[in-house]
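Each of the two complexes below includes chain A, the first together with chain B, the second together with chain C.
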Partner chain A sequence: MKFPIVKGAGYVLVNTPDMLVHNGSTQTTEKLTNPDSEYLKGLAEHIRTFDDVVAYLPNQVYIGNLHPEKLKEYDMPWFDKESPIKERFGKYGEIMPQDEFIGLMKMADAFDLVKLEKKFAAEVKQKLQRHPLFDETDIEKIKEGLGIEEITKQIDEHHAEGIYMDGKVVGCVKRAHDIDINLNAHTMFENIVVKASGALALRNLIAKNGLDPASIEYVIECSEEACGDINQRGGGNFAKAIAEMAGAVNATGSDTRGFCAAPTHALINASALVQAGVYENVVIVAGGATAKLGMNGKDHVKKGYPVLEDVLGGFAIMISQNDGTSPVIRTDLVGRHTVGTGSSPQAVITSLITAPLDKGNLKITDIDKYSVEMQNPDITKPAGAGDVPTSNYKMIGALGVKRKEIDRKDLMSFVEEHGLPGWAPTQGHIPSGVPYVGFAIDDMADGKIDKAMIVGKGSLFLGRMTNLFDGVSVIMEKNTGMEEKESVSKEEIKKLIAEAMRGFAETLTDE
Partner chain B sequence: MDLENQNRVKDLAEKHGAENVVVVFGAAEAESAGLSAETVTNGDPTFAGPLAGVQLGLAVYHAVEPEFKEAVDSDVYEEQVSMMEMVLDVDEIIEEMTSIRNDFSKY
Partner chain C sequence: MSAFENKKIIIIGDRDGVPGPAIEECIKTVPGTEVVFSATECFV
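Now for the complex of A and B:
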């Protein structure tokens, strides 16, 4: 079977301190219910600078400058340690500051809903001119801008959502309709953020892997927002809007949703489309979630931490036809949580982990690395949610003990050897399974690992349509070369050369 | 504990009588199990939900506690919960749940 391959991955973070304060759901809820709260008053003191965000160990891992294994060398918490590498640009992507991202939101704005203040627009244009991934055509989309009075008027009188920088209004997102809640300023703000951060991830995927955007035939967007209007709330689609913004002129696409499990659903769907020969190159991409900024802020502030959920996440991965070298996606070894699976952790882990292993006659220990929900524990531990990746690895190991593939006393060494510390921001879909894909490509190329399992899980019940949970998983494996490649033996080569020489000699004698 | 779940517990206690309701928790951390248990016994400690200031005093157990384990079919327990027994800090959970029961449970 000719399996599809993972051609490359791109990962981006966007530091958005003001959006955390003004658009994160924890903060907006607090403003509504308890506007004079101590939390809101003290929040500013817990916001990190861009330099701190860049020097944060998990962020340098996310963009590929540090391997996740390196995190094991640092005691927790990590926020007070400095990364040995403090680069804004990384092997797989970049960390973008908020002002540049606001400029990018304007570039993403197809309906002239984003209004920027004159001086700010000029400054951000200048900054973006130095960015390696944007050219004049992109930057020209940032127009001259408006006076601050016009912008505040839009916010105060016309329900526009403010865009802030260093605590000051520098622009706004206007509503796209006067009564349609699916086109109000709040929703348009969130959706433009998804489009802009998704496009940034796709542009990084293309640039960091030397890909041709015109070679992309299909895009699957797998974040957690919905775009549409009063007659079709989730009509779609982010995929094509993002493809357009990244110059993927030959692509169409669609959006796939499944809460945090969506990226792994998208990975399997993309692999199937490529393996079936429908498309040669399919990209999966997701932008970030403004609502989740500062989600655990109250706990962070209470425990004296900086508010660590100060970045939006984005990623893009390209799946292509087998090239004989890049890691393959084993579409024959897929796990899925079915309607009948049940919701106990044991049933979930069995369906996602051991069911695909059994199809390939594999043991739990045959997978070198499991990529589960790779949430950064620096964020979740102070919020009382524990270390999510470690809990997942313990569950996988415990199932191994029950299957008698691991000795009970070796449970923790299994976690150590087959797991990884978490490094991804808690943006729902962003930490789920996919953050390791970029490293897996490199680790397989370097001969460090042969097999990785990508596991995505999603809390469907949050949508109140079902009490069910969801998840899918798939195995990524080192490429053993083209199975059906036509090989030519040494003898045949000798024969061919001899024939060519004879022919050549004959032409000489004829003359 | 989310507001909707607080509402459901409150409604069930009113409908069936608080003495007839047992709440079983499955939270992975002792701290979060304890907070939820406190909510349905002594009231919502965050004063945000419908159980703020409502002392239902319900009976509370965690799925890995021996009381629950003894009360259910052992085959089902083996199939559904035994793996998590290996993963969770059971002692810490028992300690937390016992203290909530001693302090706030009326039944």
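Now for the complex of A and C:
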């Protein structure tokens, strides 16, 4: 089998402190149910500066400036430690500040719904001129802007959603229809954020890996929002909108959904399309979730932490035909949580982890690194959700003990050696399996690892359609560099032998 | 005697820990229990 390869990965974060306050669902719900709450009053004191966000260890890991293993050298909490590298731009992507991102939202706005205040628009244009990934044609899309009175009128009288910077209104997102709730200002805001942050991830993927956008033939978008109108709420298609913004002129695409599991589903789908020869290069991409900003803010404030969910996440990965060097995706070693799997942890881990291993005659310890739900524990622990990657590793290790592949006393060393500390922001689909793909490419190239398993899980029950949850997994493996030969069937071998024998017999007869 | 015996039970499972239906299966083995609510939640 000629497996597809992972050509490159791009990872971006967008620091959005005002969107956290005005658009995160924890905060918007609190404003509705308890507008005078102590939490809302004290929230501003717990918001980090852009410099703090850039200097945050897990964020430097996310954009590729620090390896996740480096996090082990720091005691938790991490928010009060400073990263040795404090760069806005990284090996795999960047951390964008909010003002530039608002400019990017305007660039992503195909229906003139984003209105920016004149002075702010001028400042942002100037700032973005220094950004390596945007040219004059992009920046022109930000336009002149409007007077502040026109913007406040849109917010106060026409249901527009405010865009804030440093606590002040600097623009708005207008509703796209008078009565269609799927095109209201709130939904349009979230969707434009997905498109803009997804496009930023795709542009970074292209730039950081020296790819030609025209070589992309198909894009699969795998975030958690839905775009559509009154007649088709999830009609789509973020994928093509993002491809358009990144100059992928030869691409079409579609959206794949599956809560947090969607990126791994997309990774498998993209690999299948490439391996089948349908397309040469397929990109999977996702933008960030506005609603999840400050999701655990109440607990962070209660514990005296800064509100750590102050970034949107985005990523993009390109899957291509086998080049003989980049890591392959073993499409023959896929795990899936089926309808009939059941929900016991043992059944879940069996279907996601050991079923694909068994197909490949592999042991749990044959996988060098497992990339599971890579949520940053600095965010989840104070909120009482524990250390999610570590609990996943313990469960994998426990099954290894049960299968007699790991000695019980070595359980924690399994977690240490085959796991990684979490570093991804709790943006649902963003931490799920895919954050390690970029590092896996490098770790395989550097000879540190041979095999990694990417595992994605999704909470389907949140959509209230089923009580089931979901998960899929796939193995990424170092490229042997050897051209895999077409296999020969038994029948073909018999035929070849028969022909050779017949030929031999004929030579005997002739003599 | 189990602490759950003859009790009405509310179950909140964790997707990344032990999901609701798995806890429910365990609880069913304790005499006199009644599961009045069982759900799995996502805490991330």
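In this section, the second predicted complex is superposed on the first by the 482 of 511 C-alpha atoms of A that agree within 3 Å, B and C clash if a C-alpha of one lies under 4 Å from a C-alpha of the other, contacts with A are read in each partner's own complex, and residues count from 1 in each chain.
As a convention for this text, a contact is a pair of C-beta atoms (placed from the backbone, for glycine too) under 8 Å apart; a residue touches a chain by one contact, two chains touch by 3 or more.
Small disclaimer: the values here were computed from a predicted structure and weren't measured.
Chemist: Once the shared chain is lined up, is A:Ala385 touching chain B (first), chain C (second), both, or neither of them?
Modeler: both
Chemist: Kindly classify A:Leu411 by the partners it touches after superposition: chain B alone (first), chain C alone (second), both, or neither?
Modeler: First partner only.
Chemist: After lining up the shared chain so the two structures overlap, which partner does A:Ser459 touch, if you call chain B first and chain C second: first, second, both or neither?
Modeler: second
Chemist: Just chain B (first), just chain C (second), both, or neither: which does A:Gln375 touch?
Modeler: second
Chemist: Would you mind checking which one, chain B or chain C, touches more residues on chain A?
Modeler: C
Chemist: Can A:Thr426 be said to touch chain B (first), chain C (second), both, or neither?
Modeler: second
Chemist: Could you tell me if A:Gly342 is touching chain B, chain C, both of them or neither one (first, second, both, neither)?
Modeler: In the superposed model, A:Gly342 contacts both chain B and chain C.
Chemist: Contact-wise, after the overlay, does A:Asn467 reach chain B, chain C, both or neither (first, second, both, neither)?
Modeler: Only chain C is touched by A:Asn467; chain B is not.
Chemist: Residues on chain A in contact with chain B in one complex and with chain C in the other?
Modeler: Of chain A, residues 342, 344-345, 384-386, 391 contact chain B in one complex and chain C in the other.
Chemist: Give every residue of chain B touching chain A within the complex, in rising order.
Modeler: Contact set of chain B toward chain A: 28-29, 31-32, 35, 48, 79-84, 86-87.
Chemist: Please output the residues of chain A touching chain C within their complex, sorted ascending.
Modeler: Counting only chain A, the residues touching chain C are 260, 342-345, 348, 373, 375, 380, 383-386, 388, 391-392, 426, 428, 431, 457, 459, 461-462, 467, 469.
Chemist: Using the touch definition up top, name the residues of chain A that touch chain B in the complex.
Modeler: Where chain A meets chain B, its residues are 33, 342, 344-347, 349, 384-386, 391, 394-395, 398-399, 401-402, 408, 411.
Chemist: Looking at the complex, which residues from chain C come into contact with chain A?
Modeler: 13, 15-22, 25, 39-44
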